[in-house]
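In this document, chain identifiers A, B, C, D, E and F correspond to the written order of the chains, with residue numbering beginning at 1 in each.
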Amino acid sequence: MKKIEAVIRHEKLNQVKAALESVDISGMTVQEVRGRGEQKGLEFINRAGKYRVDLLPKMLVTIVVPDNKVAAIVDALIHGARTGEIGDGKIFVSEVERCIRIRTGEEGDEAL
Amino acid sequence: MKKIEAVIRHEKLNQVKAALESVDISGMTVQEVRGRGEQKGLEFINRAGKYRVDLLPKMLVTIVVPDNKVAAIVDALIHGARTGEIGDGKIFVSEVERCIRIRTGEEGDEAL
Amino acid sequence: MKKIEAVIRHEKLNQVKAALESVDISGMTVQEVRGRGEQKGLEFINRAGKYRVDLLPKMLVTIVVPDNKVAAIVDALIHGARTGEIGDGKIFVSEVERCIRIRTGEEGDEAL
Amino acid sequence: MAYDTGAIAWMITSTALVLMMTPAVGFFYGGMLKKNSMLSMLGQSLIVMGVVTIIWVVFGFSLAFGADTGGLIGNLDFLLMNGIGVFSEPPALLWFPTTIPPLLYMLFQATFAMITVALIIGGIAERMKLAAITVFLAIWTALIYIPVAHWVWGGGWIFQMGALDFAGGTVVHITAGVTVLAATLVIGKRLSKTNGCTEEPAHNIPFVVLGGALLWIGWFGFNGGSALGANEIAVNAVVVTTISAAVAGVVWGLISYLHLGRTSVLGMITGAVVGLVAITPASGFVDTNGAMVIGIIAPMISYGAIQLRKRLGFDDALDVWACHGMGGTFGAIATGLLATSAVNPAVVSQGLLYGGGIDLLVKQLTAVGAVWAFVFVVVFVLMKVMVTVWPKWRISKEEERIGVDIVQHGENAYS
Amino acid sequence: MAYDTGAIAWMITSTALVLMMTPAVGFFYGGMLKKNSMLSMLGQSLIVMGVVTIIWVVFGFSLAFGADTGGLIGNLDFLLMNGIGVFSEPPALLWFPTTIPPLLYMLFQATFAMITVALIIGGIAERMKLAAITVFLAIWTALIYIPVAHWVWGGGWIFQMGALDFAGGTVVHITAGVTVLAATLVIGKRLSKTNGCTEEPAHNIPFVVLGGALLWIGWFGFNGGSALGANEIAVNAVVVTTISAAVAGVVWGLISYLHLGRTSVLGMITGAVVGLVAITPASGFVDTNGAMVIGIIAPMISYGAIQLRKRLGFDDALDVWACHGMGGTFGAIATGLLATSAVNPAVVSQGLLYGGGIDLLVKQLTAVGAVWAFVFVVVFVLMKVMVTVWPKWRISKEEERIGVDIVQHGENAYS
Amino acid sequence: MAYDTGAIAWMITSTALVLMMTPAVGFFYGGMLKKNSMLSMLGQSLIVMGVVTIIWVVFGFSLAFGADTGGLIGNLDFLLMNGIGVFSEPPALLWFPTTIPPLLYMLFQATFAMITVALIIGGIAERMKLAAITVFLAIWTALIYIPVAHWVWGGGWIFQMGALDFAGGTVVHITAGVTVLAATLVIGKRLSKTNGCTEEPAHNIPFVVLGGALLWIGWFGFNGGSALGANEIAVNAVVVTTISAAVAGVVWGLISYLHLGRTSVLGMITGAVVGLVAITPASGFVDTNGAMVIGIIAPMISYGAIQLRKRLGFDDALDVWACHGMGGTFGAIATGLLATSAVNPAVVSQGLLYGGGIDLLVKQLTAVGAVWAFVFVVVFVLMKVMVTVWPKWRISKEEERIGVDIVQHGENAYS
């Protein structure tokens, strides 16, 4: 099975969730992260000057799925998260060897 | 070596730590995440109505270990984290290629 | 391509960023985590006693890079994060199969 | 002129307490929004304090409390505090207190204007440009607050008619609540309310409780200070105010328990505020029994009004209409039912339930109806004009997604 | 009747200040718990305000401050504020002030009842069902607070005996502290305390300091207002109160530095509160030197009591017994040592150290002992009965794990 | 002696309000720092309250307000409150009020000393050891605050010369601001400012606004209470104070909008505080027009001073010099321009713009210049001595990285 990690915009989370539901994915884990890519940060102001924050708040969505679902999910993620402007984020796919459901001890794809 | 990632209930962290100690594991990294699996969320109320939070707070525990310890740890995790009710969480195991201890520069299993 | 995950001290983040920039890396994702390794925690006090916090705040820096850059980055990370005292943290390297830039749909090394 | 030092002591204290209510509203409201909107509420509170102070000192106080012109508006005698210096005699106008310097009366009234304007920001939150909000609220102060304050407290037609509004059921709460109703009908919904989005939870309920608690304490000055002296009427006002708020808080908790199975803390503090709102017009005229009744019924009304608002679907972000508009309306009517000369000799016709017949009730209904109508029409037209002549009054979808704090203030509340 | 406007001004202000102390306790306590319990403290504060107000207005004030019956309890003359309307003459009872309307005296005393009840919630935190807490606190108000208030301030036997308790060492702090001691012996520990769990750190120390600072300011009304007028006794009370609190704060900081090597901020604000507690019974009777002494010793006593509590192992979650029970006990005894007629002519026998012999000290010890015993026994029995007849008084282990805020209120403090 | 109960009521209230300002400063400052430094600001506020109270009661009040010796310092008549018990006659000294007990005057002045000392901690934040800060501030109170308070308010040479400082432009704000300037020149920069680090954002702007709002309310007591009675001067003071703060808040917002394109909330609350600072010395002497002028200009001056500080590069962490030092300087000078006997008969020579010539202005400039010079020199020398004789006054680089809260207090603000 595969782990898909997507770094997306905060405000896109709801749309990404909706897109994932449309391809029948409900299991996921979400975290608040900060990141930097081509988008080099944002300017903020304090009481009498500007300062730059180079690490911007993003959401990291992690989904572990059977190999055959990866393509559909990547499409759904892109669909839900894209605005076309710098800062839309990235998707990383890697291999997972085992998955166990703690409640039942089940293993493998049925545990997802 | 392997990376074991367990998504568990918040309130089970202490028990999981104890279970891991009993199999001699002390190195770990912990984060607050939110997630959704079969448990479809919880209902909350606001001042005059209900609303549903579909992403519930969970803890993500990450432990990198030599290959031979995986089985014991998975058992310990299940033991510490199980309540038998929906929402107990999942364990994912994947391959890690290298580990380096920053302080000393050591590599491999002795760096764990 | 490879995923490099480094658990570092909070207060070292700026130096690590600088070190990474010196090897031309700007894309990264950063999270606040808590962890435990050889450093067994810190003592805190409350209004009339001490207590021990065994999970200490750390930063987790994740960088996905083409294979050939790994060595330079590991060196840069060590350089930026080391103080020589317990608690400096660890670096984990693992394999990533695919990377997609959401904005453009590009894949592979050029998406990094 | 020798003033009463006890009255001065109490009225300065009252003024400080009411002044505190405007930032308190910022916390009460801001805590209920998501965290990227917190600063917008605090920032707008500060803007309101500045803009209203300037309007009030320059011409507002004069138009509201200067000698009456045709029942509708005051005159310009007191422009820029002309004639009400701290050592001048109080003007010979019925509504000016003689126990405290007129300048203190001016400041006390200024703090009322501030808090009223500040109430509005919670209803129209998270969609207008900051400049548009500021301009709207400044015009609103001149076009709505000043005339209504004059009608009710400054010798205008409602004052002459004899309707009772001790501390601002009509002037403060109905004006603010109806404004939000009319305004949101024009400006429409926030993005997050347009499709079936899940409701955003309050980001910091402790701040809501902090703001609410400070409002409660501030209300000692709001209602108690409206006696304009350290006297029995002030004492009665603070007693009935506390009773109504305390009761209304637990009643709301009970309603939420019965309706939803949990005792919402957000609900209880909202209930307390609604109890304060409803007792406001009545606080100088009802006794402790009346206060209990008001404290029990007011939260039911506002709770119901929130359900209605949900069904009707206008986007009053923090239910200013349901809590202040409807709470104030109920309080004004309840005054017509429960007023008694036993607590205030100024009550000439007793409330209906105290044997005074419908005389007072009719006056109360007239005042309420007139203020509702006036506010609704003026605000609706004003907003329509504004969105027409100022096409960029609204923040963009992209900006709404990012959040108003960063977009308008360049700041995050927390980091 | 012509009251003193200065007295009214000060007493309304005092009442507002004391009212503020109940939500302030919510912040002071809530900040010390983990973040899933924050709302329980705030919510219970609001419930206390509502429930106590209703009890007080309906019958509590009457039973506490109505004419005495056998030294034990007041009568029912003032049910539902009968006879103490704002324009009625003050009743001809020794303890009623004549400078302010009796209705204001009623409200001032109501705020004392609220804060006393609110103090308890921090000790019994995180295990009882909300309904059980509410019922317990309501019965407690009737069974403990009202009689003890009558004994000490409303003409009861301690009043007659001549023991001194200016603002509530026995009535407020000993009753609350001993209640938590007795109650936790019955209800037992929280899950998190049963096995060798690591201590949960305070989730928001700034909120603790905020609550503590508001308590300090509120104590101006608490002690200063207990003079029931704007007079020299009030001035003395606020002066010695400030001295004791300020000194006790740094002394606690010093103790924590010497004991643990760090100057705990949580400790310093706790110390300040302990200094306020201890000066409370003494504040109308001791001078500035006495205040220094109290401010130095009180934190040592409460710090020691916390160590003792840890050894004894009862689960007083926020050390209400150590801080209020023991702080109040020390203050009551210190009054017997340090009282002086130089600051209050009402001191008939000077404190031991001021040359008055042991007369006053004996009375103080009698009052303290009687209140300790009465409260301990009644609460212990009451709780035993309650846990027996109401088997579901406790939240389940699963609920404890999830946290009281979500379980009881359906809300998270922060999101 | 029969005091005025209205005056007592107002002055106790004022004292409570000013006392609140010291923890309020803790929130105002702490919120602007990173979250690992929050507790250091709150903890130091509490330490200041304790240490200054002890100094003040033991000898500080006596040296500041005892009978004058050569224009420079008071005498030791009032050591340990000797002779100013609550029932003693007010001493026959010009500056003692006769409407309130001298003990209340003592406490009111004590709160001024506290807040002044507390202002300093924001400027020198995040580098000194806690013990070093405490020792420095204690010596500072004795060496700087007490003499300057004596000069201006206690019958010293500035008092005799007739320069006007109603509530502490020189005594409070210039002393604190110039101290930070001199001290940071000696103690140098924080690590985070030494290399080209990115600026750390304020960690909790709502806390900054909370602290600022409480400061604003507290300032009612600060300026209003400086009239030492419930009279017309007090009324004028609170009116002009509110106007200046309200105006200055929006002006700073406007400046930040014009300069940076956004309306900073942090900027607006800072502006309000600067408006309060600048009106402080003037508040008993200028009318509402004067207040508007001060409210408009003060934020421009402090905003400019911040830009200057950035260029000069000394590490005044929270711009105490720019806001308090320069704001107080401007206010003191503005008093020389705008003072008018229309609001206070004590104004013998009118301000320059009110036709009084340069007489008053020259006195104001003399006072300002003398206090600047005195404070700068004494603090610079004191600090130089301190860093020499106490080599471990500074926290280490490693400790700075970890953060002062954990290192000095063993605590995290939030968890």
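One rule holds for everything that comes next: a contact is a pair of C-beta atoms (placed from the backbone, for glycine too) under 8 Å apart; a residue touches a chain by one contact, two chains touch by 3 or more.
The structure presented is a predicted model; accordingly, all values stated were derived computationally and were not measured.
Listed by label, the chains touching subunit A and subunit B alike are C, D. Should one ask which of A-F and A-D has more C-beta pairs in contact, the pair is A-F. Between subunit E and subunit F, the centres computed from C-alpha atoms are 34 Å apart.
Separating the CA-averaged centres of subunit C and subunit E is a span of 50 Å. Rounded to a whole number, the gap between the C-alpha centres of subunit A and subunit C is 19 angstrom.
Each of the following residues of subunit F touches two or more other chains: 4-7, 9-10, 13, 198, 201-202, 204, 210, 230, 260, 262, 264, 266, 409-412.
Within subunit C, contacts with two or more other chains are made by residues 31, 44-46, 50, 54, 83, 94-95.
Pairs of chains in mutual contact: A-B, A-C, A-D, A-F, B-C, B-D, B-E, C-E, C-F, D-E, D-F, E-F. For subunit B in complex with subunit D, the residues that touch the partner chain are 44-54. Of all the residues in subunit F, the ones that touch subunit E in their complex are 3-10, 12-13, 15-16, 19-20, 23-24, 26-27, 30, 38-39, 42-43, 46-47, 49-54, 57, 80-81, 85-87, 100-101, 103-104, 106-107, 110, 130, 204, 207, 210, 230, 408-415. Remark: subunit D residues 197-198, 398, 401-403, 406, 409-412 touch subunit A in the complex.
Residues 4-7, 9-10, 13, 17, 201-206, 209-210, 213, 216-217, 220-221, 224, 229-236, 238-239, 242-243, 245-247, 249-251, 253, 260-266, 268-269, 272, 287-289, 292, 342-343 of subunit D are the ones that touch subunit E when the two sit in their complex. Chain contact summary for the complex, subunit A toward subunit D: residues 9, 11, 14, 42-46, 50, 83.
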